[in-house]
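Down below are the structures I want you to see.
Presented sequentially are two complexes of subunit A, the first with subunit B as partner and the second with subunit C.
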Partner chain A sequence: MLLQTVFLAFFGLAAIWFAVVVFRTSSMVRSALALLFSQAAIGTMFLAMQTEFLGVLQIMMMATEMAIMAIFMVMYMMDPGGLSGMDMTHQKRVSIAAGVLGTAVAVGTALLVDWGPIAGVPRPGAQVHDLGIELMERSMLIFETAGVTILTAMVATTAIAIGPRGPRGGVDD
Partner chain B sequence: MAPLYVALLVGAVLFGVGLYGALSQTNLVMIMMGVEVMLGGAMVNLVAFWRFLHPETYSGQMFVLIVMTVMALEMAVGFGVGTGRFRAKGSVEMEEARDLKG
Partner chain C sequence: MSALLAIVALLAGAYFVAVLEGWASTGRFRPAGPVLAGLSLLGRESVVPRRPDRIFFEVAPPLLLASAVLAAAVLPLAPGLIVADLATGALFVNAALAYVMVALLMAGWGPDGAYAMVGGFRFLGQLVAYSMLIVMPVTAVAMRAESLTTTEVVASQAPLPNALYQPVGFAVFLVAAMAVCFLPPFDLPTAPGELAGGVMAEYTGWRLAMMRLARAVLVVTLASSIAVFYLGGWLGPLLPPWAWTAAKTLAVAAAMLFVGRYVPRVREADLLAWCWKIGIPLALFNIFFVGVLLLVV
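== the complex of A and B ==
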């Protein structure tokens, strides 16, 4: 339990540190890499909590997702290298106040609630088996709905990204 | 109880950092990064609740899978909107986006 707490604290601090770096650095590539490291640290926290399947899934998903994000950032940002020192923030005081308030409420809830006793954890193989059964039985409808939602989002995203064409006029016309 | 509290505190701070990022940034991609950090904090909490309180029911892990799906969809739709905006206006700065006309 002590070792688990130490690992959780270490990777938790790493996740927080890299999440802060995301909004502190002016280089967009560094920003994307910091988010990748933050999400990877969260995945490692999952592993420290003996949730192997979700931990590996998180690290793999975020590695690809952030690589794609870095490409989009370089494409769309006016100053991707951050060399001109542009300030791309607004309403700083309100944002800091909201962030601090959100953290305080969440920390207060975490510390004040009596969560009950700590339970033991199933073996990794049993976890994957039982999660598969959960997905294919009780949560089947949710699982299927997620699949349909992904398909809908893919079609909608492509339609938005292509833009208007034809007699109404579009960018390419 | 110590590991549960550590995980919950990390989740809380990540949520706060993400909230600050989502509210303070003017660029669409950076706003999405803030939302990703917030969802990351939520996932840490969900896994901690499953692992330390109810490991016998797998709804918690299912919930995390759904949040991961939401993260991927948020990125995809966000970049779709960003691409449309960039084609129309040449920028993804959200301070200039006063309407939804594209």
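== the complex of A and C ==
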């Protein structure tokens, strides 16, 4: 239990530190990969809390997602290496206020809410089984709706990106 | 104890892969080759290029090695001989292998070199091509085993190995596995003769030795995962279980290495087009096919 708490605290602090690094650096690739390691640290927190499937899934998904985000950030930014001293931050007062308020709410919720007794942890194998039943029964509609929405968005963005063809369409001709 | 044995087995496998790779690419069989090459690399200066992203440059080789070793940790060598028998083993292999791409992206961006960066971003594109073809065949494997645990996946193949039960998934996974460990014809991030080594171009000395070791371990890991997921792992007559795992892993590695000698390197755009237009429909068909077999037959 003590070891579990120590690991949880360590990876929690690591997640916060990497999240800070995201904004401390001007390099787009560093920023994206710092976000990746912040998310991976959260995945490790899931592992420390004995939710094996969620932890492994988080660690797996974030690697791909953040790396693909890196390529878009490099493509769209004029100074992807961050060598020209470009300032990425904006609306600083609003951001500070939102940050302080968000932290206060999170810390307040963690400290003031009565969380009740700690629930027992099912075996990892049982967790995978239960999650599968949940996805195929009660939450099926939610997940299928989300999946189809994302797929539609992907097809639509690809269709927009291809551009018109023919004698007058397209950039090349 | 099993962790130590697994590391020895991985190192032995990496040695054999290095010998086979030399044999496949030069046509000469040199058993001492990897040792001599390793010693000569360790004896040389490891140059750091001008204005690198130092953190990425230093972290990439160990991260590549770590992801390959972690993926191998959930693959069984024999009954009871497995480092971590996770309930999510088959998923964990994918999770660890995702960091191969992160390591190569770092190795591409870190040294501040044009060839390296092209290689790193090429591998990101390569991941978009192969990643679905890793996950979807593994889904069908887990469907048959009714478990993500790798030892149960092996046990489920006692009547018939998955290579025969779901041949389409086997073929798709084999191609995707070669793309993960960027073996020819999918060696787009390194591309000798075109990118001059790509992500490995700026690495020298002990750092290059570590990159090459990591690549060899990665080939062993992928070959071992094919042996576990599709060829029945340790199952087989007469020989002891570990010998079957070793023989199957080495046979798969040899097949993966020698195929590359006779196939020209694919283009990035072709790889993406083929993987998405041919590979994913095949993988979906495989899931459907296995589902029908499980429910009806």
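Observations, loosely collected:
Criterion: the second predicted complex is superposed on the first by the 158 of 173 C-alpha atoms of A that agree within 3 Å, B and C clash if a C-alpha of one lies under 4 Å from a C-alpha of the other, contacts with A are read in each partner's own complex, and residues count from 1 in each chain.
Just so we're on the same page, contacts are C-beta pairs under 8 Å (C-beta built on N, C-alpha and C of every residue); 3 or more make two chains touch, one makes a residue touch a chain.
Every value quoted in this text rests on a predicted model; they were computed, and no experiment measured them.
With both complexes brought onto subunit A, simultaneous placement of subunit B and subunit C is permitted, the two fitting side by side without a clash.
In the superposition on chain A, A:151 contacts neither subunit B nor subunit C.
Judged by the number of subunit A residues each one touches, B leads among subunit B and subunit C. Residue contacts after overlaying the shared chain place A:16 against subunit B, while subunit C stays out of touching range. Look at A:57: by the touch rule set out above, it reaches both subunit B and subunit C. In the superposition on chain A, contact is made by A:90 with subunit B only, not with subunit C. Once the two complexes are overlaid on the shared chain, A:136 sits clear of subunit B and of subunit C alike.
When the two structures are aligned on the shared chain, A:115 is found in touch with subunit B, with no touch to subunit C. After overlaying the two complexes on the shared chain, residue contacts for A:27 are found with subunit C alone; subunit B is out of touch.
Of the two partner chains placed by superposition, only subunit B is touched by A:76; subunit C is not. Of the two partner chains, subunit C is the only one that A:67 touches; subunit B does not reach it. After the two structures are overlaid on chain A, the closest C-alpha atoms of subunit B and subunit C sit 13 Å apart. Touching of subunit A by both subunit B and subunit C, each in its own complex, is seen for residues 53, 57, 68, 127.
Of all residues in subunit B, only 1-21, 23-30, 32-34, 36-37, 40, 43-44, 47-48, 50-56, 58-59, 61-62, 64-66, 68-69, 71-73, 75-77, 79-84, 86-88, 91-93, 95, 102 touch subunit A in the complex they form. If you check the complex, the residues on subunit A that touch subunit C are 27, 29-30, 33, 36, 52-53, 56-57, 59-60, 63-64, 67-68, 70-71, 123-125, 127-128.
Within the complex, the subunit C residues that touch subunit A are 53, 55-56, 86-88, 91-92, 94-95, 98-99, 101-102, 105-106, 109, 121, 124, 127-128, 131, 147-149. In the complex of the two chains, the subunit A residues touching subunit B come out as 1, 4-5, 8-9, 12-13, 15-16, 19-20, 22-23, 28, 31-32, 35, 38-39, 42, 45-46, 49-51, 53-54, 57-58, 61, 65, 68-69, 72-73, 75-78, 88-92, 94-96, 98-100, 102-104, 106-107, 109-111, 115-116, 118-122, 127, 130-131, 133-135, 139, 142-143, 146, 149-150, 153-154, 156-158, 160-161, 163-164, 171.
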